[in-house]
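Sharing a structure here in structure tokens format.
Labels run A, B, C, D and E following the written order; every chain starts at residue 1.
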Amino acid sequence: MENILSVLIFFPLVAAMLGFVVKKDSIRVYGITVAAIEFLLTLWLWFSFDTANGGFQFIEFVPLISDFGINYYLGVDGISLFIIVMAALMTLLGIVALGENIKDLKNMIITLLFLEVAMIGVFVSLDAIIFYLFWEFSLVPMLYIIGAWGGEKRLYAAIKFFIYTFAGSLIMLVGMLYIAYVYQSVAGVWSFSLTDWYALVLPISVQKWLFWAFFLGFAIKVPMFPFHTWLPYAHGQAPTVGSVILAAVLLKMGTYGFVRFSLPLFPDASVAYILPVAVIAIIMIIYTAMVAYAQKDMKQVIAYSSISHMGVIMLGVFAMNPEGITGSVFFMLSHGLVSGALFLLVGVIYDRRHTKMMSEFGGLASVMPKYAVIFGIILMASVGLPLTMGFVGEYLSLAGFFKVSPVLTLLGGFSIILGAVYMLSLYKKSFFGPVTKEENKKLHDLTGRELAALVPLVAIVIWLGIYPKPVLVPIDNSVKALVAFMDQKAQTPEAKRIIHVSRSTKEAK
Amino acid sequence: MLQPIHVSMASLNLITLSPMLVIIGGALLILIIDLIKKDLHKSLYVMLSILILFVDFGATLSLGINERGFFDVMLIDGVSVVSQLLILIASMLFVPLALTSKRFHEFSYPEFFALFLFMVAGFQFMVASDNLILIFIGLETASLALYTLIAMHNTPGSHEAAIKYFTMGALAAGFFVMGAAVLYGLTGAVELYDIAKVFQVRMAEPGISIPLIGGALLLMVAIGFKVSLMPFHLWTPDVYEGSSAPMAGYMSIVPKVAMMVVAMRILGLYVDMGVEAVRWMIIILAVVTMTLSNMMALVQEDVKRMLAYSSISHAGFVMAALALDTTKAYTSIFLYYGLFLFTNLGAFTMLWISRRKHPSHHDRYHHPYIKFSGLIHTAPMAAVIMAVFMLSLTGVPPFSLFWGKLYVISATVDAGYIWLAVVMGLNSAIAAYYYLKLIVYMFLKPPVQGVELIGANKSKPLVVIVGIAALFTTLSVFIIQPLLSYLTYMVSVSGY
Amino acid sequence: METLVYIALFAPLVGSLFAALFGMRPKTLWTGVVTSLLLFVSFLASAMLLKHVYTVGAVHAELMDWIVAGDMRVPFGFTVDEVTAVMMTVVTLVSTVVHIYSNGYMEHDKGFNRFFSYLSAFVFSMLVLVMSDNFLGLFIGWEGVGVCSWLLIGFWYHKPDVGRDVNPSISPSWAANEAFIMNRIADLGMLIGIFLIYWNVGSLNYQEFFAAVPQLSHGMLVLIGIMLFIGAMGKSAQFPLHTWLADAMEGPTPVSALIHAATMVTAGVYLVIRAHPLYSEIPEVSYFIAVLGTFVAIFAASMALVNRDLKRIIAYSTLSQLGYMFAAAGLGAYWVALFHLAAHAFFKALLFLGAGNVMHAMNDELDIFKMGGLKKVMRWTYTYMGVASLALAGIWPFAGFYSKDTILEAAFNEQSYGIWFVLWLTAGLTAFYSFRLVFLTFLSDERYKQYGFHPHEVQKYVLWAMFPLGLLAVIFGWWKEEFMAFVTRLLPAYEMSEHTEHMVWILIIVTMAIAIGGIVVAYIMYAKRLRRNERIEQSLPYRILSNQYYIPIFYEKAFAKPYAELSDIAWKEIDQQVVDATVDGIARVIEETGDGTRRMQTGNLSDYLKWMAAGALILAVLAIIVAMNH
Amino acid sequence: METFAFYFFAVLITALFLVTVLSQNILYAMTSLAAGMVLISGLFFLLGADFLGVVQLIVYVGAVMALYAFAMMFFDATGSIKERHSHPALVFLLGGLSAVLMVVIFAAPQIGQHVEALYPAAAGANNPQAVGLVLFTKYLVPFEVAAVMLLVAMIAGIILAGKKMERSLSKINDSELEQNGGKDEQ
Amino acid sequence: MIGLSHYLILSAILFSIGLVGVIRRRNLLMLFFATEIMLNAANIAFAALSSYMHDLSGQMFAFFIIAVAASEVAVGLGLLILLYKKYGSLDLDDYTMLRG
């Protein structure tokens, strides 16, 4: 199936539209089925993917606005492949985990399917405008999810989320248009195709401001300090499934954007701005970890922890060597699964008690042992325990960045300490100690539906912690190609020095 | 004694007048029908009007490009054809909106349709000439008809709107003629084509910049008034609020397109000559307009008023393209308006559908936000369609206006005005707030008393129009390419 | 032989998973039995591997690739060489004993199955730690034992937090978190060390690294050495990361025996021994290690002198003995360190298990001032603990004598007389507090009666299970020569100078004297009855010691509290008041501007007309400004 | 003579228009406006634009002012009018500044200089003839459009002042309209 | 000799007087008077330019301006009559419902 990427985009789209017809009481099964089929399709994509090939595969190219160089141009490589699979998986699990008593289930499921379209679209687009199209469109369903099913301040949170990210991406759009303009003045034709843009060697000064234009768009999405304040609100107010997808997939769009756009398009600027980016990343890591520690609300802890972890991912991205970038891509996956799982877990307890305050709990381990076990495993993955998925990415990201700056890596490494601090304190406050609240004594443990959503995550988290190779190798192949490409394209001696091509790539030459 | 003058018919190139002749004839036909037989139903006139517009459309399409006619008074270049087509499309979409299920005052007059057609003719003259006199006469014809059409809605609001619009229009007309007088005094010509030629020669004269820029300044007041640039926009929200929703929607497009073409012709001339003062006047007016009106739109309680401010903001957005003086920028203006047309008319039509004779949720506003609370529950389809329009206005892809914004911003970037592009981008983000506000009300708030009557004014024709607008807004990505290449061709052959 | 490696490694894992299956059920006896059996299998495999290594040589096995990215390729690789084989045998042996012991100790605990699952998981992690052939594999085990330690310290998670004055460890869950976080701090150092190795050597494999050591600059080696040692300091609870170990006594006693005495805490020593090619190259770091070890030895011993908590005393003694091991390793006597490690594992586990028996008898009472005269009811336990204490005190011919004495000799041999003296002094203190504990618990007056306890001896099979440890505590030292011969095939042999050879008997006598002296003092003070001296107990030195030099309180005041307060400030003051407020502020400014601008829309036509006129003027001004600039 | 005539007219027109603008009495205002218009036609004659002068007289004084006079009577507003003048200073500031602006623009010496006449008056024709020639050739289209404009204005005037506007269909509920059988008001 | 600029300055002044009237007047009828003044000012300018440049376009323009003025009066008065009939006032201060 050569056009599987189109199928991946349009199948949920069509399904979402047809979903309007499905009767309310059957919509859950419909949603699960559609999401499962989509997930299986992504698996098919994975299995038919040539893992040894670092370039783009399953390319589709249909001119859309040819006068302006906008094409329906899709393709995947190792970097995007697994994020797509994860997006489909998290959508599926999110739908599976939807609570029984959720209102307007039909609207929710249709919205989620639309969201899935946008998410997958972002990661398969190789045309900047199509990328931007999906990027922006993804805001709409998310806005609805937060706004319609959220908590008390949901409207504030939803609008803040939308406008903040929207503003950032518009600046990015200006940047994209400028690149297209430069391309046009060099090549004589308009093109927004990423692969065309890659061939463009931009002057350093141009790279520098374009870097910041793109940075703004991506950084808000990631979200990087100090543009992060929309995230706690969004997470705090969003319903469980919203948080899951937001944390698992939407945030990854930002870091993915850095890998896909900033690095190969502006290698010199990226190298030149490693320091400021790394400093921001380290502020994210340390500062947000502290903020997370101060939270009273479980979900806020996890929200801030996401920011902290995204800081490590940023370090990995700007490591400029295959180890770091591969690690950061892998960390994107693991953070997606782990934080998604954590939000699901918080949702479980929220469904039962309608509160997320840690002070309301305590001793949950005695009442809900299965819950505590799964929470514990995921928590350990979150703090980066070896043999869980969390470790591989964090380790590689930090290891990669160590090549750039040992001192900054040391600071970034505080992630593993501070992460343990807030996570363990969350766990202690909620799960350990005596059961103090009367209403907590009657809580029932995980239901079958919840287990169905969580157990696969636990399994994957452990499986890919022990044997990440099937995922790492395709990522690594693409990343090596990327880094080699950056090295080739770099103009400044500094960039040549910092960008570190792996030995194997050099030998292959 | 005077010699008789011989003019060959061929040199008159009467074909250039054909669209206007069709529509003026049509308007007269309507008047005659009314004289012959009274009390015919409005649907007859609606359909007649559409047919007339359709023939007009055909006539416009068949015009040759870059022709002059009638002693060079008429100028049929690509821009004029394109803008006429836009005007006609908008008009064709507008006319059926008379077929509401409720009865409103203006549609009870057959003269309404005649006046409407005269107005369209006036706009067509405006864009199909570079003669300042004809532009002025066309403008006034259209404006006078428009004032009347507004007043014919016959509510206190519409009366107030008409008088405000009229008075300010009169003042603007004064500025226009004074500006024209300056140009005439400098060049001895009233045709921009000639004016340009003289300007080319006289540009180097010392001290000429004072009258040169002064004339542009006076004209710009008139242009600013019509396309509603700050601070000449003040009539806009009031007039939109006072007039009926479709009229407001129509006003947000057609007069602006027409005036934009005039601005292109007049100010484009200046920019092309490299008069930086004019360029910067345009840019600063545009920036101020889009920014401040955006901020004012933020604090509105009424959707129609909000849309009025939003239209101002969009006008400012497009106006910025005027300062760039590239083919792409001029093309982007038409592309933008072509896309804006469907979306904005659709949005206003949605308001029209929800219109009741007396305000239901507010003692002044007909369409306060609260009226749309929980629309997703009471009328899901309406809510979704309205949301599509709002998202399109916000500039969320893949809806139509995104492509327009993309192209305008791209043109700005190409011209080297990165900061302007950034301002445009940030303004879109601010604008997102108030468009979202409506979405928030529709989707995220519980319904309030009385929303079940949201479709009070609904009728099949209105639904069809909304449907067309929504379809276009949603699927526009597939027609951008032909549209763009057509527009680019048309604009570039016009020499812009 | 690879099969044996995998059997030894995975048998505990299988046991752990098996027990985990029933983890949430009430006690099922066979989980205990099955895990113990599997542990025994693992022990047998380890023993056979030991023999194989002895007779044939090291075994290497590679399971599969783990992390492959860029130039980094880290497999799950295992090497069983001399050091590993010793470690494996010690670990599996003590583990087996502890498992069997736990069947009795945890008999009535609700979390019986869970306990065995954790315990076996720990053994698995520990085996990964010692068997791995690369630093990252070591790190897996390193973190794995950390987690298991966290789980096991916090085993009785349901206990509430109490004040430091009631329980210095606050609560099991608190102690568990403290342990984990402190270890994490050290792990960061280790991770940095690993990064340094990777980027300088290009591989994390031990052999490749050691082979590359000579090519690396000295400064780099020092840096790597320091970073790795920071990791070791955390796991082996060296000052200043030592506080968690005493608090870790909140865990069930078998856990203390296995993890916090015999195995996990020695991982740091193992690391230094394992990395001996590195540390031999950097004498200054090694010397620092020795000094730090020496300091910890006496520092911990001093705290043990006054403590009343049965388990904490043993914990401090563990700390002290770890100090000995580091001192030995730091002085270059790697094999001695390993020897002491093994010997210590046996007698210290025995000591802890004995303490567990006492606790069991005393309904989990830990205050030795409330015990006394237990010898009558707990003869076997008394015997075991006596033997273990003798070994700890380094009395001939018990195991401790051989190992500890060799360390002192080594210190003397290195002419580090300061180190020697401190260690020598510590030996006396060790003997004193060990026997203070023994006497106050088993001899002297039967104080428990006034608190209403009814002590009893534990089950027979439990006592039998302890027997191998008891035996080894006695005889292990006798194999000193064989041990040395075996492990020095890998580790550098440590030759005493002739001068030391001459002095050796004097040294032995001097050491023995102070040890016996310590015992005698303890006997005088405590054997008959508990004598308390109010004045001494109120004196400053006593209070400093009993409050652990106020270090835990200092940590809380200097780090934990400020961190929490800073976090709160970061959230409430910075995040909300500055960062978010800026964002909202921008929004508010925009909205207020809108509201302000809206005022020009007065509705009054006259104003509008004025604005138009004004607009023309503004445009004129603008035009003038622009025209002047061009 | 011409100079005198110009200044005579100019001063008078200015004065009259000032009265129009400043007078509180609507009758005075209108009268002075009408007088000003007449004098402007005088200026036109002075400038040789006879046709324009005549049109000015007919259209303004004949038609426009008559309309105003009728309207005034209709409004019953013959007396003085009370107006609220909120910012007199602002008004005159704006007025003064724009006067300066306008004068600066119009006083520019470049205006009217070095300009070739594109449509010079036909040789030998008097002004109305010359105007007629241009009007019915070159400016025929604007002329026709102006006719349309006047038609529009006429229709507009009739509708707006008409009786039918007195009752607004837009304000009356449809149900009431049905009861009244308002068939004529579709 | 009276130059062109005399006429033009007169025109400018008259325009400004009209402008003052427009922004000063509250009575709509009187306001319309002021707009007439402004158009007339333009007429003077056109007529003068036309005359001095010997070009007829200016007179044409002025002619059309007069036509426009007449049309405006018709529509404007229609509106005024409508307002007066409905609300009995010509003071623009009474028409401030639409605002904000």
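Here, contacts are C-beta pairs under 8 Å (C-beta built on N, C-alpha and C of every residue); 3 or more make two chains touch, one makes a residue touch a chain.
This is a predicted model, so every value here is computed, not measured.
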item: Length of the shortest touching-chain route, chain A through to chain B; value: 1
item: Other chains in touch with both chain A and chain C; value: B
item: Chain whose average C-alpha position is farthest from chain C's own; value: D
item: Best-connected chain pair, where connection means C-beta pairs in contact; value: D-E
item: Chain occupying the middle, per Cα centroid; value: A
item: Chain at maximum distance from chain A, centres defined as averaged CA atoms; value: D
item: Euclidean distance of C-alpha centroids - chain A vs chain D, Å; value: 68
item: Centroid spacing, where centroids are CA-atom means, of chain A and chain E in whole angstrom; value: 65
item: Separation of mean Cα positions, chain D and chain C [Å, integer]; value: 99
item: Whole-Å separation of chain centres (CA-atom averages), chain C against chain E; value: 95
item: Sites on chain B at which at least two other chains make contact; value: 133, 137, 140, 144, 147-148, 151, 163-164, 167, 171, 178, 185, 188-189, 214, 217-218, 237-238, 430
item: In chain D, residues with contacts to at least two other chains; value: 91, 94-95, 98, 101-102, 105-106, 109, 111-112, 115, 117-118, 138-139, 142, 146, 149, 152-153, 156, 159-160, 165
item: Multi-chain contact sites of chain A, meaning residues that touch two or more partners; value: none
item: Inter-chain touch pairs (all); value: A-B, A-C, B-C, B-D, B-E, C-D, C-E, D-E
item: Residue numbers on chain C that touch chain B, as the complex places them; value: 590-591, 593-595, 597-598, 600-601, 603, 605, 607-609, 611-612, 614-616, 618-620, 622-623, 626-627, 629-630
item: Chain D-touching residues of chain B, taken from the complex the two chains share; value: 1-2, 5, 7, 17, 24, 31, 38-39, 41-42, 70-71, 73-74, 102-109, 111, 114-115, 118-119, 121-122, 125, 131, 133-134, 137-138, 140-141, 144-145, 147-148, 151-155, 158, 178, 182, 185-189, 194, 198, 202, 205, 207-208, 210-211, 214-215, 217-218, 244, 357-358
item: Partner chain E, residues of chain B touching it in the complex; value: 132-133, 136-137, 140, 144, 147-148, 151, 156-157, 159-164, 166-167, 170-171, 173-174, 177-178, 180-181, 184-185, 188-190, 237-239, 241-242, 300, 305, 364
item: Residue numbers on chain A that touch chain B, as the complex places them; value: 63-68, 107, 129, 132-134, 136-137, 139-140, 143-144, 147-148, 154-155, 158-159, 162-163, 166-167, 170-171, 173-174, 177-178, 180-181, 184, 209
item: Contact footprint of chain C on chain D as seen in their complex; value: 86-87, 90-91, 94-95, 97-98, 101
